[in-house]
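Should a chain be cited, it is by its letter among A, B, C, D and E, assigned in written order, with residues numbered from 1 in that chain.
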Amino acid sequence: MRLFRRVKRVGLPPGTVQYVGQTVTQPIQVQTLAYGPETVVEKKDLSIEECLKVGDGAAVSWINVDGLHDTAALERLTSHFKIHPLVIEDIVNTSQRAKLEDYGGYLFIVIRMLDYDEEKQEVSSEQLSIVLGPNYVISFQEIPGDFFDPVRERIRSGKGRSRSSGPDYLAYMLIDTIIDHYFVVLDKISADIEEMEDELLEKPGRELLETIHGLRREMILLRRSVWPLREVVARLERAESPLIRPGLNLFLRDVYDHTVQVIEGIESFRDLLSGLQDLYLSTISTRANQVMKVLTVIATIFIPLTFLVGVYGMNFEYMPELKIWWAYPALWGVMGAVAGAMLVWFWRKGWM
Amino acid sequence: MRLFRRVKRVGLPPGTVQYVGQTVTQPIQVQTLAYGPETVVEKKDLSIEECLKVGDGAAVSWINVDGLHDTAALERLTSHFKIHPLVIEDIVNTSQRAKLEDYGGYLFIVIRMLDYDEEKQEVSSEQLSIVLGPNYVISFQEIPGDFFDPVRERIRSGKGRSRSSGPDYLAYMLIDTIIDHYFVVLDKISADIEEMEDELLEKPGRELLETIHGLRREMILLRRSVWPLREVVARLERAESPLIRPGLNLFLRDVYDHTVQVIEGIESFRDLLSGLQDLYLSTISTRANQVMKVLTVIATIFIPLTFLVGVYGMNFEYMPELKIWWAYPALWGVMGAVAGAMLVWFWRKGWM
Amino acid sequence: MRLFRRVKRVGLPPGTVQYVGQTVTQPIQVQTLAYGPETVVEKKDLSIEECLKVGDGAAVSWINVDGLHDTAALERLTSHFKIHPLVIEDIVNTSQRAKLEDYGGYLFIVIRMLDYDEEKQEVSSEQLSIVLGPNYVISFQEIPGDFFDPVRERIRSGKGRSRSSGPDYLAYMLIDTIIDHYFVVLDKISADIEEMEDELLEKPGRELLETIHGLRREMILLRRSVWPLREVVARLERAESPLIRPGLNLFLRDVYDHTVQVIEGIESFRDLLSGLQDLYLSTISTRANQVMKVLTVIATIFIPLTFLVGVYGMNFEYMPELKIWWAYPALWGVMGAVAGAMLVWFWRKGWM
Amino acid sequence: MRLFRRVKRVGLPPGTVQYVGQTVTQPIQVQTLAYGPETVVEKKDLSIEECLKVGDGAAVSWINVDGLHDTAALERLTSHFKIHPLVIEDIVNTSQRAKLEDYGGYLFIVIRMLDYDEEKQEVSSEQLSIVLGPNYVISFQEIPGDFFDPVRERIRSGKGRSRSSGPDYLAYMLIDTIIDHYFVVLDKISADIEEMEDELLEKPGRELLETIHGLRREMILLRRSVWPLREVVARLERAESPLIRPGLNLFLRDVYDHTVQVIEGIESFRDLLSGLQDLYLSTISTRANQVMKVLTVIATIFIPLTFLVGVYGMNFEYMPELKIWWAYPALWGVMGAVAGAMLVWFWRKGWM
Amino acid sequence: MRLFRRVKRVGLPPGTVQYVGQTVTQPIQVQTLAYGPETVVEKKDLSIEECLKVGDGAAVSWINVDGLHDTAALERLTSHFKIHPLVIEDIVNTSQRAKLEDYGGYLFIVIRMLDYDEEKQEVSSEQLSIVLGPNYVISFQEIPGDFFDPVRERIRSGKGRSRSSGPDYLAYMLIDTIIDHYFVVLDKISADIEEMEDELLEKPGRELLETIHGLRREMILLRRSVWPLREVVARLERAESPLIRPGLNLFLRDVYDHTVQVIEGIESFRDLLSGLQDLYLSTISTRANQVMKVLTVIATIFIPLTFLVGVYGMNFEYMPELKIWWAYPALWGVMGAVAGAMLVWFWRKGWM
């Protein structure tokens, strides 16, 4: 995840619609799904203009927009629905925090879709903007491809409450799906952390250290992404807007519980990773200490002995010991005694 | 404890009942206990269908379900009591946080039963779901075997208030028993921590480090399990629901006190374990420093001496010292003086 | 202080009176002090039965019970005063947090008496339970011996408000005395911390490390003991019960101030001890670095020189240098130059 | 950024206007911009006296003052607008926290303009004081040069709401511009942090350590600067003053969102930098351990061998081994075996 | 600053006036300043009895008492003004937290005066107690000498609002002066911190470590002193007492801002000092690593060479190499190659 995404509009008037993501050349793609208890009409690959006519008369129209680079087209769409320029600015400015804004006639919800790349151990994040009106839901994504196929399938098949409920239920289903996917992300991360715990005990190395650091970094950024979501869902649940119908709060309470669980998960991952880094440091210290003990034992045994044999390697003419026949074996005895005494001493100190 | 348990339902419609625990083949077992001030009727090993007829006319019916894998049977049970599908979803999805949900006609309480394996120093956790209705309590456990035998015995014997009170008192007794068992878990952990404190001062080793880390990890997860319980009990005590009768709040205040004591215990264990890890690191550093002092003292005394004896081991033809008869003993004197001066210096520095 | 004290009643019905402290054989001792503005009647070494008759007609009766092991006797006492079984359970279960419970006709206050053993540097803790009724105060202690003699003396002498006020003032005096004693405990601990600060700068050793760790541990447990007291006193000061007469809140505000000062003291001791441990680690690192510098300087100067003298100790037949008469003094010159260059280099690096 | 800026007025009466910044000799410069929906009148390089007449009759007058050293001139200006002496004191005392004060007839807003010097990796800070009256905005800057040219250009061109709105919209535009610039600052810092992450993995050195420390320091000070702004904008948004017209709160909510994003950014930078320092320490420890392993391997292999060859360099007359013809090659064999055994041992320990 | 100051009254009845500071023999000194819009009467070196008559008829009487050891005299003074015994107890018990107590007819304010000794790098603290009545202010100081001369001068000269306002304005001026002096203290500390930052990069040593630790300690204690002041000033500003006249809240808001700035300053100093200690540790580790690299490079190059020359210093009779005329120069070649290979290897590893 990127550390920080600059909102590129210093000094521009508020409401300026300027896309900050990657430049894409393919046109914006729109899919629509207009449905009621009885009917479903689905269209794909529409242009902005075509989608505006969709859904007249349907109970709920879901307009999903993939691609945000064609700001002129987006403005045509939003002006059709009388959406405030500040909303459009936030939609294309894809570095928003999760938020909920009540504009009276419609709610504007920003939520971040997360994915986890197990190879690079990086979390990626995409902004989903939802405009929830009295009989429509418009969702804006930066890149084609999402997790919403099960939602579409449920609407097509008409099972459960999906088709008999209003656009608030659709918005709920989208948010629920995204937060369910957070669990997948956390599940993958937890598997990585458990793997690192095992690796740390076996071979703590430089790469592992970098991996731990990298995951800690991701957790810091992930927390920043998910934290504001809690308030968004809590406010939805409190049903402050008439656009949220009474029966939905039971479901939103469920989503709120999941959000809290995700945040608690991230917090405990942060604690665990911080504990892992401490463990790494302690392990390195323990190992360094063992290495140093070996060095000290070997060196302190042999350094005095080497001195002794050096003494009798001197070429002084008058060294009486050199002439004594038992001096050589006696020296071996002395050296053995010195070495033995040292070994006993080290053993008592617990260094061996 | 597992780091994170994935809720396996990305994209499934809400209310989908899908069991996420281990797959078990034996059928679900149900025990019932229908009692009033005068009567007790106890039945065991019932099927779901049989238990539905139990308890008609009794003041309180307690239906305890062991095993959650047969979701169809569970749905028959809950539809009989008109329980919301979201509740059943949470019952079988056994990775819930502790929570209390008020559905009007009944309360849904989730609480985690904890146990501590002293061998592996791991906390295990099982979800207990309680549905508290006007004249029944249904409890759902994943695995047969629980701590509730004393509760059953009290009801059978009819001592105290147990049989003259309503289902809220039964629910209270179940929660109280579980939280009492938290004390057992914390007591065992505290014994382990005290043992580690002693071991740390005697022989700080790699295994101890791993044990400390492992317990810190368990504490992080334990805290996540117990923390939300505080609010659950507080809300029960505030008696927001008519299902909780007035006299019960004195008892629930007691349970609340215990919950707070458990949380404070976990917090102080976390602090203590973190302190132990610091102490471990400090101890290792102190030891490494002592090892290095020994190495340095030995090496710095003998390295210059070895140089000196090396000098007079050279084979130059013109080395006048070699011919002098007192040179050899004089060298010993010089070496003794050098070593002595060094020893004094080290002693002054406090290295010996 | 013990890490955690198990409440030994898993599965027992609530209200079960079971003593958890040490088993004592001597009988429970009761002292009574019945007084009014004009009269004082004091009795000692009563049995439970004898004390029940005491104080009829007196404005205030203070019954002090030393020893909690005879639960049957305690139940006779409390049933005489119509005290709820949950209260008695908490009295004998001497591991309660400080708490205040309002039972309508009487208040139940638990507070922990602390003492500090300067030898072992350990805080000891005893539970004092106070039942404050309309015209009586009953205090329960586990062990004979307390800090209340000045309170008794004040009542006997009848100075100040002590005898003209009601039982709430007596309860206040008991609490005030205990919290005053907290200051003594903190004062002793602060003296120990200051001593450790001095010792750390002079001779940081393994024992000091253990002492710091031990005190940190005590602080964690001490904090857990004192923290809930803040709310107890705050609630007393808010005078929610008619048992607390209006004039007392000025005095209770004073007690509240002291409690906050104690808590702040404990918090800053924790910070200071944590700082001391950091300082210890930094000191050890600094020392290790100095030791290593000495080793490095000595070793790196002499190792090359020893190599050089080793070269001219070889026995090759054709080593022309050996025959040159000025080679030996020249080698001394070379070695002096090498050593000098190294010394200059080390000096520049700031290692000497 | 400076650690702390002393408010130089100990003992001076409140309301004393004393400039604390650098002494400047050039006169104060004033620019005015008086505009309404139809007209724009812009004047530059005015003296204080000239600017007072500006803007009579215009819907909005913006008086921008560059330079605060001529306190007498400032007092003439503020007394003309009947501004409280405490306000003027705060304007010239350029070390204020961000704040909003409602004086009834006007609002006084202090906000800090930030800039980041990528060379020195230092954040610089300048105080902007805004007095927002019913039909005027007076802004005070310490140094000429600001980020407000886009705002001026928008007013001149009359695009959007800029000229048809009141002075509250102008104040909003100024605050919005400053907070937009915070994003630029954070963006530059995030680039520096990412660079440091890469550098840390490649060559962790002393300079990098100093850079990390310097940035952590800046983050602490930056946080202190930005944190109070959150409340300022929140209070503006709550529109407590009639000077803030109803329609503005949508825009201020946007500014509030940005402020929160900036604060979250700073917090996560702090976490990241703290993580980087941990990583640095761990990396250094890992490297030290590797260095020590190399030393230990080389030393422990050769020290025993050197001892052995020292033995046969002794000059004892009676050393039988010296006469045996196969002793020399045998010794090579022994030494090879010793070295080989050690290598195997090290390899098994994972040191090679 | 002392770690903890014991309140020396365990078991004494509440309201006991016992002085806990140093014992002083000189009598208590009182100065009075009675003034109104028109008149100022100033008296010095009064006894307690003389000062009681002062100020009859004056709008405001300021009685400043230096010295608290003569508790009997103080009690005469306070009983004249009908001040509660608990207040007098707090006045002489000079280890109070900052606090504000409303006794109906008068306010009792405790605030700590701070000073910083740049030599010892220690903060000293003195208690100032203020009793603010309807037409008088009594201030109590432990030691003669204060920062209030500018306040006295302002009253004498009658400039500004000083003489036309009531005693609440006088109390405000005293508090404001003290908090202004906090800025001086923080300013000096910030200079010391900046000096330490420079020193740390140049020569990190043991003394610097002690200085950092000492300042951290002072910050912990300083925080404890200043933190409660925030609430004191906030409550004054909320003007809960009729003794605080309406116009004063603007000035008190200013004081509140300064208090918050001081607290934020202390917090950031704590963070900075903690960062400095981390930096110190990292620097020591970096240096230790460099020292070790030098040792390792020198030792690992020369140890194998010394072994080699040791080999050819052996006295075996059958060592064919010794007879070969090119063996000696060849050995030099071999040794050069070994040393060169090692240097290349070290250079590649980045150790040189």
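Keep in mind that, in the parts below, a contact is a pair of C-beta atoms (placed from the backbone, for glycine too) under 8 Å apart; a residue touches a chain by one contact, two chains touch by 3 or more.
For clarity, every value in this text was computed on a predicted model and none was experimentally measured.
The chains in contact with chain C and with chain D alike are E. Chains making contact with chain B as well as with chain D: A. Taking each chain's centre as the mean of its C-alpha atoms, chain D lies 26 Å from chain E. A separation of 42 Å divides the Cα centre of chain A from that of chain C. Under the contact definition stated at the top, the residues of chain C that touch 2 or more other chains are 281, 285, 288, 292, 295, 299, 303, 306, 310, 313-315, 319. Taken together, the touching pairs link the chains into one ring where each has two partners. Round the ring, from chain C by way of chain E, the chains line up as C, E, D, A, B. On the chain A side of its complex with chain B, the touching residues are 147, 149-151, 154, 159-160, 162, 176-177, 180-181, 183-184, 186-187, 189-190, 193-194, 197, 201, 250-251, 253-254, 257-258, 260-261, 264-265, 268-269, 271-272, 275, 278-279, 281-283, 285-286, 288-289, 292-293, 295-296, 299-300, 303-304, 306-307, 310-311, 313-319, 350-351.
Interface residues of chain E facing chain C in the complex, by the touch rule stated above, are 2-4, 6-7, 9-15, 84, 86, 90, 96-97, 99, 101, 103, 203, 205-206, 209-210, 213, 216-217, 220-221, 223-224, 228, 277, 280-281, 284-285, 287-288, 291-292, 294-295, 298-299, 302-303, 305-306, 309-310, 312-315, 319, 321-328, 331.
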